[in-house]
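Okay, so chain A shows up in both of these, paired with chain B first and chain C after.
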Partner chain A sequence: MFREIKRALKMHRIFIVQELKRFMEYKGDFITGAIGLLLAQLCSIIFISVIFSQIPTLVGWSFNEVMFIYGFSLIPKAVDHLFFDNLWAVGHFIVRKGDFDKYLTRPINPLFHVMAEKFQVDAFGELVMGIVLLSCSLPSLDIEYSFMKILLTIVVVIFASFIYTGIKIGTSAIAFWTKRSGNIIFMFYMVNDFVKYPIDIYNNVVRSVLTYIIPFAFTAYFPALYFITGENPLFNIGMTIVVAIVVMTIGVLIWNRGIKAYESAGS
Partner chain B sequence: MIYVENLRKEFKKTIKEPGIKGSLKSFFKPKKEIIAAVKDISFEVNEGEILGFIGPNGAGKSTVIKMLTGILSPTSGSCSINGKNPQKDRKQYVKEIGVVFGQRTQLWWDLPLTETYTVLKEIYEVDDSRFKKRMEFLNEVLELEGFIKSPVRTLSLGQRMRADIAASLLHSPKVLFLDEPTIGLDVVVKDNIRKAIAKINAEENTTVILTTHDLEDIETLSKRIVMIDKGSKVFDGKIADLKEKYGQMRELAFVSSDENALDILSYAEKFGLEGDDLFAESDGASFKVRFNSSIVPVSDMLSYTLSKINVKDINVKDADIEEIIRRLYKEGVQNG
Partner chain C sequence: MGKKLRIYLPFVNAGLQEVSTYRANWIFYILGDIMACFVSFFVWEAVFISTGGETFMGFARSDMVVYIFMSFLTGQIIGSGGTYNIGEEVKDGSIAMRMIKPISYNSTFLFQEIGNKIMEIGIIFVPLVAGVEIYRFAVTGSLKFDLLRFLLYLVCCVFAYAINFCFNICFGFTAFIFKNLWGSNMLKNTIVGFLSGSIIPIAFLPGVFKDILTFLPFSSLSYTPVMVYMGMYSGWEMLFFIGLQIFWTIVFWCLSKIIWKCVIKRLSIQGG
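Entry: the complex of A and B
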């Protein structure tokens, strides 16, 4: 077990180094991608600030609180995007074109291999934006700092990013049966746009979906709620971890069944 | 070494009627049909053997290879290679095999070729000294020096194929699966690749399973072939036996000063040959005739031709495996 984890980490490092070399080959393209993502977020933020110039609070949330939640939502998303972006390719073409064969003929776990193989430098656009938003909104929020809280933030970001990864694993694995699931991943993934804002601004149906069905609320709203109010850590933090484990488990189970149904493609 | 027993693979296929209406209909009410791509195939391969695995397009060759390499799970039947089951012991098993799909590549597309090898070294856990020796050997056999520092996307097809074969051999596999390794290559490159495969087989006693449409690959590399058609095995044996069994087609080529030599000769009427047993074509002063030598002996054909027309030059071609295969493909499963 220990040896396997050590080996996985080593392989992951090697794949990332490989990707950084690739990054150097196509610098311009990557930088454009990162700037694009940054601009996309910037547009939404300008939009929010326009709204807040008209109203003082949104269902009791101040501009800075909304910015904190928005910024927080970007970080786990960026982490997943940075490390595990290749799952999109599984849904779009790796399975359909039979390119998944390659992963099955190598002596490492195919899911790990396919996930670790890409390092999506574009995601730094989101990551930088998230960190900037958090640092700008923090001073005006009444938050007590402690070592414990910083540690908790790191832990919760890791688990929150697993919610993204788990959903992507499960939905991309559908391609093993349908040959193509890019749009299913897209449909699930885009739901995350809702959780950039406090979810109590939505009606009950949307809120329930975001909490129980596609639990993206745990990637931003709930953990951010804890950091803003300091209330209910057991639910806000604890459930984030539980939900991440559940989503990841379901994703991997679907994946493992999917691999058995893989039919490759003619050659 | 390799035992394949009653291997079978079925695919579910949705049948679509043509047109948008058909597509809509199949979307709401899909009609499924089960198609057996591989039907209960059995064969064995000995250690160090090069087996030619042939058959027409869509015969099920690739499906068999994919089951043997652990990519697909068989519907029924079993295969064991080195005592391992490709599906059950996948991780351990794939360390002992090398796989090349000629139509695909496992190289890192955007990076210099050496980068692929350094990553594969880690994936297969090849230690440094062994890796160095291995690269020297592969360099020598497949002549990689010229392009090892170039990005893979800039390689020619021939270079890429050599690089892919080297990639599959980096971890010194006991069995090498080559699915159409010479597809789309020119004659010189094909020849180099064949030599490399033969050398690796000779020096390391690597067992090779080779699928190809180029019968020269088979003739230069393997003594034994397994032929499949429509998912069933139609022949398993030595090439020499195949030639003896099916190889009665002979070809004679003549250069003659008579312009309408074929009309004068009218082979069909003279010998009563018809259908697949006779093929004649003329091209100005030269013409050739391909015929079944079990019906008409070569000597009869020769003496008859020489007696009828004025012959300047003669060329007798040996039973050519390509011709045999052509006939077998045509006859299809009726033999199996």
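Entry: the complex of A and C
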């Protein structure tokens, strides 16, 4: 078990180094992508600023709290985007073109291989924006810090990013049956737009969907709530970890069934 | 003219078939895209609850809903994939196949895209407009739909599409410079989206920005049609902004011709 993990990590490092070489070759292109993502977030922030120029609080949330949740939501998203972006390609064309054969013939787990193959530098746009937002909003929030709290937050970001990855694994695997599922991944993925804001601005239906069905609320709102208030770590942190494990397990189960259904393209 | 149209009709047909083949995929895509509208919808609901008032900077609650969803619809109507297609064809060399044919390169794109649009708009147009109007009727208690304004909205959309089409052709040739089409395309969409008022109504921006953005070409893309639909402009204002749209259409049409002439001389294709 331990040796396998060590081997996987080593392989992952090799893949990342390969990707970085590619990055150095097309530096300008990657920077354009990262700036694009950064600006996209900036537009939303201007949007929020315009709203708050007219009202003191948004259903009880202050500007800085909204900014904190917004910033927090970007970080797990960016982590998943950075490491596991290649799953989109599975849904868009890898299966359809029959290129998945390559992964089946290599002596590593195909899921691990396909996920580790790409290192998406564009994601730094989101990551930088998230960190900037957190650091700008933190000083004006009345938060009690402790070593435990910071440690828990870091752990929870890792698990929260697994929620993204798990959903992407499960939905990209649909392509094994339907040949392409890029747009299904997109549909599920876009639900994350909702959790950039405190979820109590939504009605009960939307809130339940975000908590129980497509549980993106655990990637931002609940962990951020713990960090801001320090309340209810058992639910806000504990449930995030449980949900991440459940989503990941479901995703991998769908993937494993899908791989058995995979038929190569006949060319 | 009639003969010319007959040449391009098969392209419209091809565009129609293209979308109908991947209709299911396209519906998933649009469902993902419309999610952002619902987020805005709830954010604005919360804003109106927080202010307790009936209007926010001159927009009533129902206006805001109309604005969000009509901006989305307008974005779909005027959307143009020219950037991406030209870029891809430059990269893989298939641009050569189009250029050896005795027809206009840009027109083939235009007509193929019109084919796509007929199909796509056909699916979402009625549900969105009907949804918006039913919502408005339920909230305000009176029917606000005005046929004349609706027709003017369609006219504005045609100009907006023309501007966007030419603009995207100009931009498409940046594929010569940037190889990351996804990145530069996203960068462009973000900037245009913001400047055209599809994220925040231009009227909400602080003084100077508002004035500048009103006259830049981007407001012609989405803001003008939506404001016309909502009846935010008086008769003269409407004429002025449609005039501005016509002005920008001409500017970008000329610009795309000039860029095309310059760039096509430098085009070199490897293999293909």
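Here, the second predicted complex is superposed on the first by the 267 of 267 C-alpha atoms of A that agree within 3 Å, B and C clash if a C-alpha of one lies under 4 Å from a C-alpha of the other, contacts with A are read in each partner's own complex, and residues count from 1 in each chain.
Criterion: a contact is a pair of C-beta atoms (placed from the backbone, for glycine too) under 8 Å apart; a residue touches a chain by one contact, two chains touch by 3 or more.
Just so we're clear, the structure is a prediction, and the values are computed from it rather than from any experiment.
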Open item on the list: Clash or fit: chain B against chain C, after overlaying the two structures on chain A?
Closed with: fit
Open item on the list: Which partner chains sit in contact with A:I201 here, chain B, chain C, both or neither? Use first/second/both/neither.
Closed with: second
Open item on the list: One more residue to check, A:F186. First (chain B), second (chain C), both or neither?
Closed with: second
TODO: Please work out whether A:V50 is in contact with chain B alone, chain C alone, both, or neither, and reply first, second, both or neither.
DONE: second
Open item on the list: Going by the contact rule stated at the top, is it chain B or chain C that touches a larger number of residues on chain A?
Closed with: C
Open item on the list: For A:I150, using the defined touch cut-off, is the partner it touches chain B, chain C, both, or neither? Pick first, second, both or neither.
Closed with: neither
Open item on the list: Output check: A:C136 vs chain B and chain C. Expected answer is one of first, second, both, neither. What do you get?
Closed with: neither
Open item on the list: Tell me the contact category for A:I108 with respect to chain B and chain C: first, second, both or neither.
Closed with: first
TODO: Look across chain B and chain C in the superposition and give the shortest C-alpha distance you find, in Å.
DONE: 7
TODO: Report, in rising order, the residues of chain A that make contact with chain B in one complex and with chain C in the other.
DONE: 26
Task: Touch list for chain B against partner chain A, complex - done: 11, 58, 62, 66, 69-73, 90-92, 94-95, 97, 99, 101-104, 106, 108, 110-111, 115, 119, 122-125, 151, 179-180
Open item on the list: Using the touch definition from the top, list the residues of chain A that touch chain C in their complex.
Closed with: 26, 28-37, 39-40, 43-44, 46-47, 50-51, 54-55, 57-59, 122, 180, 182-184, 186-191, 193-194, 196-197, 201-203, 206
Open item on the list: Looking at the complex, which residues from chain A come into contact with chain B?
Closed with: 10-11, 14-15, 18, 21-22, 25-26, 98-99, 101-102, 104-109, 260, 262-264, 266-267
- [ ] Report the residues of chain C in contact with chain A in the complex, numbered from low to high.
- [x] 25-26, 28-29, 31-33, 35-36, 38-39, 42-43, 45-47, 49-51, 56-57, 178-180, 182-184, 186-187, 190-191, 193-194, 199-200, 204-205
